């Protein structure tokens, strides 16, 4: 189990690096698809079938949107420029990332151990969820009953994004 | 049913009403052209009445879905209303109403007005949701509602530079959200709960452990990006000028406070607890924001861009007051937050009126507008004096309190800096007045007219508020409006026991 | 847009029907099996996107479809909103699960949860359809 | 230490945002950052030798993984989709105005 998980994560990181470094935008998007579908498998390994279903359909839709946008415009990333500014900013970024990585490494080992349960809020969900809400799927019970208010916010976010996309894609913003 | 339990039921209405209004506009927009104007304005009016009826109410805790705590552990989402939330609610809804009245005429120049109103109401719903929420993840969700609405409103004109500014703003905003979400994940993995008060209880004496310190820094960076504090301010000078004027007023006057400073202060002061290192870090950031903002504003000739840089500088004052962590400092900071929302919205509305009348916002192309646009000129003069801190306008009193608080806690350097920045602000606004409103009328500006009634009305209302808001410091009014908010922060983690009792 | 060959059209119609019913199944049984309003909604929108891409609809009609999809999305979230405030109107709690919980392991169980799933399914499918149609329409209007 | 790959993925995404000058690449990097956070959340909720949080029968002993982080991921995935779609819409419009995705050729956008 652990080994599969680690392998999947390595695959995802490799996919991410390729997605960011590749010169062709279409292959960058496809490599991003590797990360997304890898994430789907990670969810399956982690006993989260709900998330796997949602992630696989959302990933497909994201790819459709991105590929549609690329086919409509251009596939080439413009040429990399080798000036002093670029090199300095790259060096600064790398230093920043190394600092952040060491910070993450130091703090993540103080987190509770992986695989042991650390329940406080969700103890009740697991023990009484079915009885109190009548839904066998506890994730559904959480998002639509215990934390339904969050889901209203989530639906609103999607609605806002639709409104925003309609606003942004208007061909003329101002009259006359 | 006594009065406090009736007031309790108003809490979810503050979110549900603007949301329902936004949906109604989309469903009913075909009926008539006026539907969207009527629905949006009446909903904001009702919200303002609701918020003012909540004044003087005790601390309210509302459990969504009726999920009562089990063995003392909250299991549902809590909505919490205390003094600080109420202050923010007053700012959001009042400024929102005034900006909407301004929009009735101003947005006639844009296409698809119902869409604008829908996004505006969604932004209000998001901010109200953030402010009354007592749950960490819920804050994140509603913060995203407000943020996504604001990204698309910045690009509402769909000109090239507006789209650029919106893209930049959204990239920065999404990175900020990612930092905030990472913080939330770390908090959840250490505490196992998401309720703010419950998190505070679990973390009672863990504030110095490595993951919690990292969380504090992640929240500082995340909310700092949303609130445009100085090292993270890069999006603001592009985004705020690009938006339509009423939206600039909302962004500068309300949004950066509600989803930036409020959320940071609520989590750090009331839940995690402020360590000395953290408050010194905040003092540093605020001093840098204050000074650098005003210096950068100095070089600007674009009216709205200049105002945007002044926003960074004035938010520095707010942060300075709050992070001194003395009762007087917090009073000054919160009062300045209230005042800033009034005078900065007024200034952005003025700039909108100038653009509406003349079609330009470059100071060098303007001049002598006082002869043709007396209302805009007069209200802008009031707002300029207010932001520069001249008595008797509201900005003077709050800056005075902040400077006194600096001296009281032996930060003489910061006090001197605050005075210096105030003088620089005055000089900068003298420039605005000199180039735009006084002097002789430029050629090509001879046939401009004063803006329509709705725009004049909202500007006069805000100017009136600027003039009288110093009175909020009088005993009697101070206890109602400002003291509950100050007490929320001064008492710090007493919040936890108040919510959980 | 033009649409594809006759074979693709026929097959896509069949497939779209299957996908559509699968999506509805996921929505309706969300509280019993993995899935729910969101996953089902995305799948349903996938069926419509398949039909649009394969058959091709002219721009004017597509514009009308977009308007309808946006209205439907508003309607879906409006239904969810109404479910949320019914509890408030009854003088109890916002988002109260006011219906009976039913017998466990039965489709008519879970109180308001299946209703919420349906409302979210409508909202999500319509919203995603309108997003994709909006992107398709931009391609046609591209001035460059 | 299984959490560290999430941090690594997060940083890969962050480096893309800081170093790349192409709008679509920036969108991809943001999506990767979001994926790393979803994975982190799902890992936090995992419990060794536990079942997916779907009750099969009422009498069975409760041994499920934590459903709450899964619910949070579900919400966050939707938010991520909404963000990505809006960003792509903005990028497409910017391309229409400037004819390029390169932010060095776009007048004011610098980072």
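The chains carry the letters A, B, C and D, assigned in the order they are written, with residues numbered from 1 in each.
By definition in this document, a contact is a pair of C-beta atoms (placed from the backbone, for glycine too) under 8 Å apart; a residue touches a chain by one contact, two chains touch by 3 or more.
What you see is a predicted model; the values in this text were computed from it and never measured.
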- Most distant chain from subunit D, judged by the mean position of its C-alpha atoms: B
- Task: Name the two chains that are joined by the greatest number of C-beta pairs in contact.
- Result: A-D
- Distance between the CA centroids of subunit A and subunit D (whole Å) is 2
- Item | Mean-CA-position distance for subunit C and subunit A (Å) | 22
- Query: Between subunit B and subunit C, what is the gap in Å from one C-alpha centre to the other?
  - Reply: 36
- Per the C-alpha means, the centres of subunit C and subunit D lie apart by a whole-Å value of 23
- Can you tell me which residues of subunit D touch two or more of the remaining chains? 10, 14, 52, 54-55, 58, 68, 74-75, 78-79, 82-83, 85-86, 88-93
- Message: By the touch rule stated above, which residues of subunit C touch at least two different other chains?
- Response: 33-34, 38, 70, 74, 77, 81, 84, 94-95, 97, 104-105, 131, 134-135, 138, 142
- Query: When you check subunit B against every other chain, which residues touch at least two of them?
  - Reply: 19, 23, 26, 64-65, 137, 141, 144, 148, 151-152, 155, 158, 163, 166, 189, 194
- Query: Okay, in this complex, where on subunit C does subunit D touch?
  - Reply: 33-34, 38, 104-105, 131, 134-135, 138, 142-144
- Query: What does subunit C use to touch subunit B in their complex?
  - Reply: 70-71, 74-75, 77-78, 81, 84-85, 87-88, 91-97
- Task: Show which residues of subunit A lie in contact with subunit C when the two form their complex.
- Result: 49-50, 52-54, 57-58, 60-61, 64-65, 68-69, 72, 130-137, 139-141, 143-145, 148-149, 151-152, 155-156, 158-159, 161-162, 165-166, 169, 171
- Query: Residues of subunit B touching subunit D in their complex?
  - Reply: 137, 141, 144, 148, 151-152, 155, 158, 160-161, 163-168, 170-171, 174-175, 177-178, 181-182, 185, 188-189, 194, 234, 238
- Query: Taking the complex as given, what residues does subunit C use to touch subunit A?
  - Reply: 26, 30-39, 42-43, 45-46, 49, 70, 73-74, 76-77, 80-81, 84, 94-95, 97, 101-102, 104-105, 109-113, 116-117, 120, 123-124, 127-128, 130-132, 134-139, 141-142
